[in-house]
């Protein structure tokens, strides 16, 4: 357990959480400030979504990403920047007439999910490695092999590290296929996302089965939603992985107590350190991920 | 290992296999004959898809199902009849303009996948418990929670046993949700489908993780594709499950030797018996599944 | 994770640790004081060995146990008392002439390991469910089926809860045999001891395999030695178990910093609470273990 | 599954089985003949114990081993020869006075278990990597770290391949320690012995946990006792291992039908081939194990 563990803080996500906690950052300025606070609390990486400041809904607008990233880069804290590239995969079907799309659909090609990555060149961006039902109702998250190969190739050309988000065991299979095809630069980086209905559950045996299939030397992290967020920090460390916390995945510090991103990072740090491991600094994270030094 | 193992024979499927083996049955008569031969070879259950006799493509036409089922029922062999209800979930996207559907799309509501079940009242029909990428390209198999709840309710009303097909761990999670909501009659019946890209891989650890999550007393089977079909017969038995073989999932008896359905059933029977277990007769299968006696 | 976790503090053990940390309690008074401090820090249960105050070596002398237990019972803290009954199983062989016993041998019958239990009637006593090599050299820990059945029967007659210590998967098999034979009262209580050479390693997969074999409703805990002590607190909680820390198993709070028992309990409590669980009070522990109320 | 699987036939063992099946070979001639028949049936390796022809009890007498090995070598079949070196570890205690040894005790040093290996130089000999309770009663099988290191060193000096027999997870830990200390030549060869009370149970999860801990490229096999013998052939193949059958471990071909060694090998071959794998010839086995060519 004497090793460096990277803490990613997922600052806000795109979920319908704005009205459920006053701590969920909405405007680019709030998101940047929350990220800076998380970094001060020990986050190695911040994972960034943006929201429409008017509606609070998730957005793909480059200008919002630009403001968040520039504010963080201009601050006096050091942190590795990871922007999502998962937005633009939402297909909402009418269950009784499923070739009709409903409101909420936001579905674009693999490359069209990447303009902010191309402009801002974050250290890392994500790639969601498959399709699945996302929650109840009739929302399908769509990322097909064709889209994913094009997206991966573009990310590789941009020189950005690709974090492959894995929502179920079939996504891991496809991620390994991307690696085998040379579309992912070394070190391959896997984020095993657990407990998101209806992807892989936050079940220790399921995680172990996935980790056993990872290639030797892979860099991987795992997180789980809601009340399993903190137990999963321990679970990931036990199996040799890195960790992720933050308001994207969980709103509570403990039952009944709403958290800030910085508080969630602090609690993760408590677990990391009580288990005898160390929180990786951003520079240590850059070494693990073979990222360019901070400019 | 001293137990009864049900062998399901999946006769033809809907895959693009007709040109790849002369043994793949295409017309209703061929499918029925192949099922009758499989039953004589020891199959407890036949799992039935139908195909357009002209094109060989998978079909949802009730008349074809009717002919297959009537021929089998009129024969002198006893076998439990399981018809697919998974057809009608195919969405083929243009990866560069993904809200445009391409040829190959065949996407209907949960209830619209069931007219042959309503008319023919097979012993069992399937329910594919989620969405996922199906193979390479941009084909998404779509079955959303809304669609699935409606389909499950209809199957329950018809008094048909519902075999929940599970293509990844998130589908299992949703299947358990259906059970919890009372939409699946006892005994809940799970088919763990492994090795279909890009669902759960044919990996022993992944199967074990799924089986560990099944409720006590669940009736489950598992199969794997291609050359893993026969090893997976052994794998399922070892973990307490039933088995499935057949040309839907694998065309070869051994390397270079094309199989008939009956030969695949015989080979499965060889493994079942060499491991000290017994192949369940259709009547023993009816007891396990609490089906009505043969009329 | 919203559940009560019992923390056992194993105060001193019988290992050769006295010279390696000034915090290892040796005299009955020191052991009692260390136990009282551990209870104040949150320990639900104290697990007690005694040592010869002159030599620091582990001892089976009833008078030492009596003093420790009486001091704790007379104190103003509440804690569940668990005395070892594992002493008296040491066989040290001459490897070149192995029917010759060497110094260090202390091997008595199952019942002869229990006089202090009979006299002091602790809430719990241990039963080490098998034989194995204990460390390097030629020390075999010996507990045969015949001895164990006699010991279990005696413990049952005394009305003391039996904690079955499991050092490898074969010991778990035998423990289940004891339960099946009616020699263990409900609830059966298992302590899965990991990382003691050459028993089961502190490996998550090995623990998961053991836990998967436990009967529904079993009360179990697990611990690991040395630097794995704190990670294993998290590991046990994740799989639904209780936890054990203390100087018997680990001398360090973190690298280079020697711990007291109370500090180890505090650190375990930190992990339990950061993961969203609660430390069971002694009264809550009595309920879980169906022990008599404190007199 | 397209790989070569070595079948070991364990011809007779030392268990109390002579009166329980007329097929258990007893005299050196019978053991040799049974081994020759097993080889003709497809065994890649024969694993040899010898028995006292008068009493049927297991023996360590070199003359018996010599006769068995010479007869097999003089025959016209090719087979890899593996002699046990596990005899001489039996300690039978009086449970009420456990420093008194009872009849049945046969306990000698690590090197004193090897004279037949030194004289006959078989291709392979075994090394039982730890101590454990062996069956009910008070029989402890004793193999301490000191004894094992001396035995391993001697086997290495003789140029014989060492098959490390693993009866529980702690034995595997010690085996890996032997490898780390350079006492085992490459390729390290592990035999995972399951279902022998009270060692590791014949449980798929336990085997998977052990296999996950083996080093990349290790050559391993696994077997299980009694009615689990044939299922375990399939289990080992599924996880990438080799297999062992034979009258040492199981007397029945199926319920109520007593087997010969050759019949058990044939049944194992049936499973291997039905799963799509191949039975390794002795020459293919020599390549896998990097043994010298047959002289």
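Going in written order, the chains are labelled A, B, C and D, and every chain counts its residues from 1.
The definition used in the following text is that a contact is a pair of C-beta atoms (placed from the backbone, for glycine too) under 8 Å apart; a residue touches a chain by one contact, two chains touch by 3 or more.
All values reported here derive from a predicted model rather than from experimental measurement.
Common neighbours of chain A and chain C, by the contact definition above: there are none. Chain B and chain D touch with mostly matching residues; of the residue numbers seen at this interface, over half occur in both copies. A straight line joining the Cα centres of chain A and chain D is 50 Å long.
Between chain B and chain D the centroid-to-centroid distance comes to 42 Å (mean Cα coordinates, whole Å). Spacing of chain A relative to chain B, judged by their CA centroids, is 35 angstrom.
Residue numbers of chain C whose C-beta contacts span two or more other chains: 205, 208, 212.
Across the whole structure, chains are in contact as follows: A-B, A-C, B-D, C-D. Residues of chain C touching chain A in their complex: 1-2, 204-205, 208, 227-228, 230-231, 234-235, 237-239, 254-255, 267, 270-271, 273-276. Across the complex, chain B meets chain A through its residues 91, 93, 95-99, 101, 105, 107-110, 130-133, 135-140, 142-147, 150, 167-174, 197-201, 203, 205-206, 208-210, 212-213.
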